[in-house]
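Once you've had a glance at the structure underneath, I'll fire off some questions.
Residue numbering begins at 1 within each chain, and the chains themselves are lettered A, B, C and D in the order written.
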Amino acid sequence: MAMIVKLSEADPEARPALVAELEALGGQVRILAFPFGTFLAVLDLEQPPLRKVQAMAGVQWARPAGSKPVLAARELNPAGSRVALGAMEIGGERLALVAGPCSVEDREQIFTTARFVAAYGATALRGGAHKPRTSPYAFQGLGQAGVELLAEAGAASSLPVVTEVMEPGDVEAMAPFVDCFQIGARNMANGPLLKAVGRAGKPVLLKRGPAATLAEFVLAAEYILLEGNPQVILCERGIRTFETATRNTLDLNAIPVLKGMTHLPVLVDPSHGTGLRSAVMPMARAAVAAGADGIVVEVHPDPARARSDGDQSLHLPEFRRLAEDLRPVAEAVGRRLDLPATLPFAPNQVPLIRRSAGWGGGR
Amino acid sequence: MAMIVKLSEADPEARPALVAELEALGGQVRILAFPFGTFLAVLDLEQPPLRKVQAMAGVQWARPAGSKPVLAARELNPAGSRVALGAMEIGGERLALVAGPCSVEDREQIFTTARFVAAYGATALRGGAHKPRTSPYAFQGLGQAGVELLAEAGAASSLPVVTEVMEPGDVEAMAPFVDCFQIGARNMANGPLLKAVGRAGKPVLLKRGPAATLAEFVLAAEYILLEGNPQVILCERGIRTFETATRNTLDLNAIPVLKGMTHLPVLVDPSHGTGLRSAVMPMARAAVAAGADGIVVEVHPDPARARSDGDQSLHLPEFRRLAEDLRPVAEAVGRRLDLPATLPFAPNQVPLIRRSAGWGGGR
Amino acid sequence: MAMIVKLSEADPEARPALVAELEALGGQVRILAFPFGTFLAVLDLEQPPLRKVQAMAGVQWARPAGSKPVLAARELNPAGSRVALGAMEIGGERLALVAGPCSVEDREQIFTTARFVAAYGATALRGGAHKPRTSPYAFQGLGQAGVELLAEAGAASSLPVVTEVMEPGDVEAMAPFVDCFQIGARNMANGPLLKAVGRAGKPVLLKRGPAATLAEFVLAAEYILLEGNPQVILCERGIRTFETATRNTLDLNAIPVLKGMTHLPVLVDPSHGTGLRSAVMPMARAAVAAGADGIVVEVHPDPARARSDGDQSLHLPEFRRLAEDLRPVAEAVGRRLDLPATLPFAPNQVPLIRRSAGWGGGR
Amino acid sequence: MAMIVKLSEADPEARPALVAELEALGGQVRILAFPFGTFLAVLDLEQPPLRKVQAMAGVQWARPAGSKPVLAARELNPAGSRVALGAMEIGGERLALVAGPCSVEDREQIFTTARFVAAYGATALRGGAHKPRTSPYAFQGLGQAGVELLAEAGAASSLPVVTEVMEPGDVEAMAPFVDCFQIGARNMANGPLLKAVGRAGKPVLLKRGPAATLAEFVLAAEYILLEGNPQVILCERGIRTFETATRNTLDLNAIPVLKGMTHLPVLVDPSHGTGLRSAVMPMARAAVAAGADGIVVEVHPDPARARSDGDQSLHLPEFRRLAEDLRPVAEAVGRRLDLPATLPFAPNQVPLIRRSAGWGGGR
């Protein structure tokens, strides 16, 4: 069991004494300074002495923490949290558009994609370098070299970058090149990894596991917050059901339910959520209409030859159309999507890169 | 095995000879005159003699029919089918709003609901009289008396009515009172019932079964079309998954996928799809944004005392807000929602009926 | 709401007065005389007057009935119920082996199958005549003619027969030919059908719906008991999950869980449960080891040409092997399987019927 | 893409030349010396030059490797692989019984459990030290200290030990203390971790992910084999479905299906698979009857006070009964379970440890 203590803002000088007193109870104490308040987490207690702590000076309230989220719970920040990523705040009025290829494949591919999605209104660049794949024979990503290539492409296009981290041992090497760590769906419940990105102190895009309930999803976020890192962005990306027409069942119900459960912002990934290029645009519109704070979408200059997820990646011009389609829906629900008024190139200049065949797609 | 034959429109006088010729092959022949063409279905064939039939006079094409839909397939009517219900056509530019209580409970309840949802923009009135319930001890509905009460309430408010039919033997008695038969989710794959409503020749609102793939859903519609009735409206209402935060997982992916598979219009029921009043509005907006042809929603003048599904029913004023919220989203995706400009009563005249407690809710 | 009242056996002459008194309370009263006690069900009550009824003469106890089963609950008959079917009692020490083709196809097929499964140890003959099929173009069964053919084949081989009923209107015509009505998985929650077979007073083999929880499954049985018919045999036949290697996921956990929830006997159908002939035998053994009261299995003299479910049907000699494999497992768990000591024919006399191709399989 | 090449045993001196030739093709070459043959894996090829390689000296066959397992496929070792663990071989005639607490909690708990399960017939000791937990507030395990305690307890009772590893960085420190690494269900698809245990060269107990298909499960095993480690033991432990009566849905269909797909041995964990103590024994019997190579089961001297998974843990005397119940079922299917003939203590000496309350259970 554990206990979360909210400190009264009025009385900061009482804190050291309080921490000492709590440590004397036998638990491990962490100080969590969040934009929505300062908290103490007291861990590894057999029985939290709530009444006693409640009465201490400098304490606003004390709550038990067990099988339900406390730090991520909506009531801790009813107005909703915002997470800064590059020039924007995810969770605010303006919608986020995180776009890029499934995998970073080579310099030309990632720089081309970055340049065009930036021109078309993207607010961040995504691209996988450490790739979780079902088969050991599938393309496993370029690794750290891919991370650095992505960072270069992001810098060249003035976009912050998001990329997946797969093991705690990689966090340190990746951190200087990454604006936001992604925890992939397969790793949503990977405790050591959640703790590691929590300690890294950078924004985390946390994807829902394919078999995770929403309650479990928020508990995974709680792991990160408990390390002192409140910059968690949740991302619904489809759950596994009996339906086979779609790769996953994108569960948009997650949006209103998560908004009730937690103060964290919620993005939606219709690319993995459906696995079908033709379903990406309608489901992106639906996500915005349901109240999502933005969209994560796969875009590739030549989807037919993508080394992964080609079937669900948008062509570059389709991404532009997506952004334009989303704008009126955003406005219909009181949100905003800022698109560049002028494009730095004519439509017929959009590249349709054709590379040598042979790599095939695969998921 | 079976065979579907599309007749050439140019040559109607060749038809009787053609039918005779096909009957001579040993199969059972049905003539299906649909707005998008005239077809022959030849059933119970061991091997469909496709080449032979293809060459016959008056035949445009002949296709085998086995485990996939033919009559409901998109390519038979790429522009999409429309189903007339009252003054509007479901599947056209204007969105449908089918509203009403889960169950018809008494005259006051259904007349009040009908009057207000009509004033607020509903295009049809729903209400259950034959109720499928998980427990035999739950309210089983008013039966035929409820059907007739619903018809009266619909007539008084100039709304066509939709109600569920649960067994083939009830179709005849219900038909004079019903504008559209609903096949509930539990009965989606009930062949005898599908055939019976197919033969009744009225519009059918077919709800997706909680464990039905989209491919199976369209095959259930094919049962109805094969009886000569093309007036089928599909309704996504949530599937059963591991998630427990929502009663079902409303699967909005169904909208783009069904639109690709079939020419039939698609409605969405966010009330059963989520089971949570707070999720009904965002998911209704999402459905419209994804391309649904309308919404089916539960509304009750006193949800806390509804005899079924109270937790997911909107209050009357919430239904008005839903309609107003949907309008800009509809326009953002090129659709239209016609709402009455003036209300026949002031907001404070909306009844908040309070009945004697005791019935409780239940699903 | 409703109320179930257990009558004291000591005081039968108090019953008429008691019924009259309960009817005076406004509810509808049914008398249910079961082998494990006599009960009154009082339906359609706003608030069950439990305390008042508890105090009445002749009442052993009174319980509210709402969303949970009462009549089917284990505690009503802790020793477990037995349902007589032909010469045996399902639920006793001896295991049931219900075998036969998916569909009754013709006289030769059903008579051959009946003769051999009887010789090999089957205790009942199954065969579908009214067939629920996903596609309207799939073989829909021989209907009432098939029911009568099955009855003839059963009589010729001294086996009781089990066959599916799909609509309430068929119950009366089928009843004289049927020893046990089967409610198929698609119809598990079909209230009117459950009531109809409840009133028919014959044993009912109730299959679990593919998306039904075990709690819902037992409530479906409660529908039948509430009509005064306690002869319900539950049958686990697989649920729908994300796994695609098997047609369904046979959920053997159902056996211990149902045995704790209800007094009704539990059979297992590994044919539908797996959809794979190669998995039928191991899963049948597993079911017996887990405590099932018997097995329902599809057997066909020529599975490759079966008109339905050929992929999961055993060949006749495989059925013999299944029975022999099950015997030691049954004994290992304290049960018994009675197999005929001598076969009325040599192994090489087992027919391998080969019919004209063309019908194909399909599910 | 990749290619797997089976080397001819007759021609070992041709190997170095062959490897050099394959490296010249541009791929990365690994030599895999397995009990069932020697193989080369050639990775990162754009197009595997199968025909050319097939013709090379010393090559028995060459196969492409993409989205399906090759090294784990049944046909590579039709007789089935055996994995040595302590004194026995998993996959042989004798069944494995891996028993122990969910978590290693303290010296008394793990030594007591080890002593009794050894006396009762266990073939290996399990116990978690690095614990994956849904909530960050739940007991996270004793870590490396717990690993070492487990190793001591195993040594004291002459049982090999199995414990979960959660991150690649822990493999090295754990290896000296561990006889078999467990990959938990949450980490089944954790590529870096699979590779790390593959390289550690010790037996691996790989648990099926709660949303993993059987095809994906075998691909996870392929990750380990591709590192040169063939000592993989698969473990079915339940999948996530809509059913809530059990914690997971133990999918025994996995046994016959996996036995057809792969040569690796298959264990079953009925504790996690059901989450219900009362279902553990029947499902363990069912698993053995279906052909499992053994059982993994949670046992605790005081389940009510276990720090995790108390609801599903057997009491010590229940474990003895389980072993005795399994023996006749094992024999009924041609397997063997060796139980000590005499117990080193009287039944009334079995401890029922009662510790101070307060830690509660939780999953």
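In this text, a residue touches a chain if its C-beta (ideal position, glycine included) is under 8 Å from a C-beta of that chain, and two chains touch if they have at least 3 such contacts.
As the structure is a prediction and not an experimental result, all values here were calculated from the model.
Trainee: What shortest step count links subunit A and subunit C in the network of chain contacts?
Mentor: So the least number of steps between the two chains is 1.
Trainee: Indicate the whole-number Å distance between the mean C-alpha point of subunit B and the mean C-alpha point of subunit D.
Mentor: Chain centroid spacing, subunit B to subunit D, equals 50 Å.
Trainee: Taking each chain's centre as the mean position of its Cα atoms, how many Å separate subunit B from subunit C?
Mentor: 33
Trainee: Let me have the rounded angstrom distance from the C-alpha centre of subunit A over to the C-alpha centre of subunit B, please.
Mentor: Roughly 38 Å, centre to centre.
Trainee: Please list all residues of subunit A that touch 2 or more other chains.
Mentor: Answer for subunit A, listing residues that touch two or more other chains: 211, 240-242, 244.
Trainee: When you draw the chains as points and link the ones that touch, which shape shows up: line, ring, star, complete, or other?
Mentor: The chain contacts form a complete graph, every chain touching every other.
Trainee: Flag every residue of subunit A that touches subunit D in the complex, lowest number first.
Mentor: For this pair, the touching residues of subunit A are 1-2, 43, 46-47, 65-68, 132-138, 140, 166-169, 186-187, 189-194, 209-211, 216, 219, 222-223, 226, 240, 356, 358-360, 362.
Trainee: In the complex, go through subunit B and note every residue touching subunit D.
Mentor: 240-242, 244
Trainee: Which positions of subunit B touch subunit A when the two form their complex?
Mentor: Touch list, subunit B to subunit A: 211, 213-215, 239, 241-246, 249-253, 255-257, 260, 273-274, 276, 278-279, 282-283, 285-291, 328-329, 331-333.
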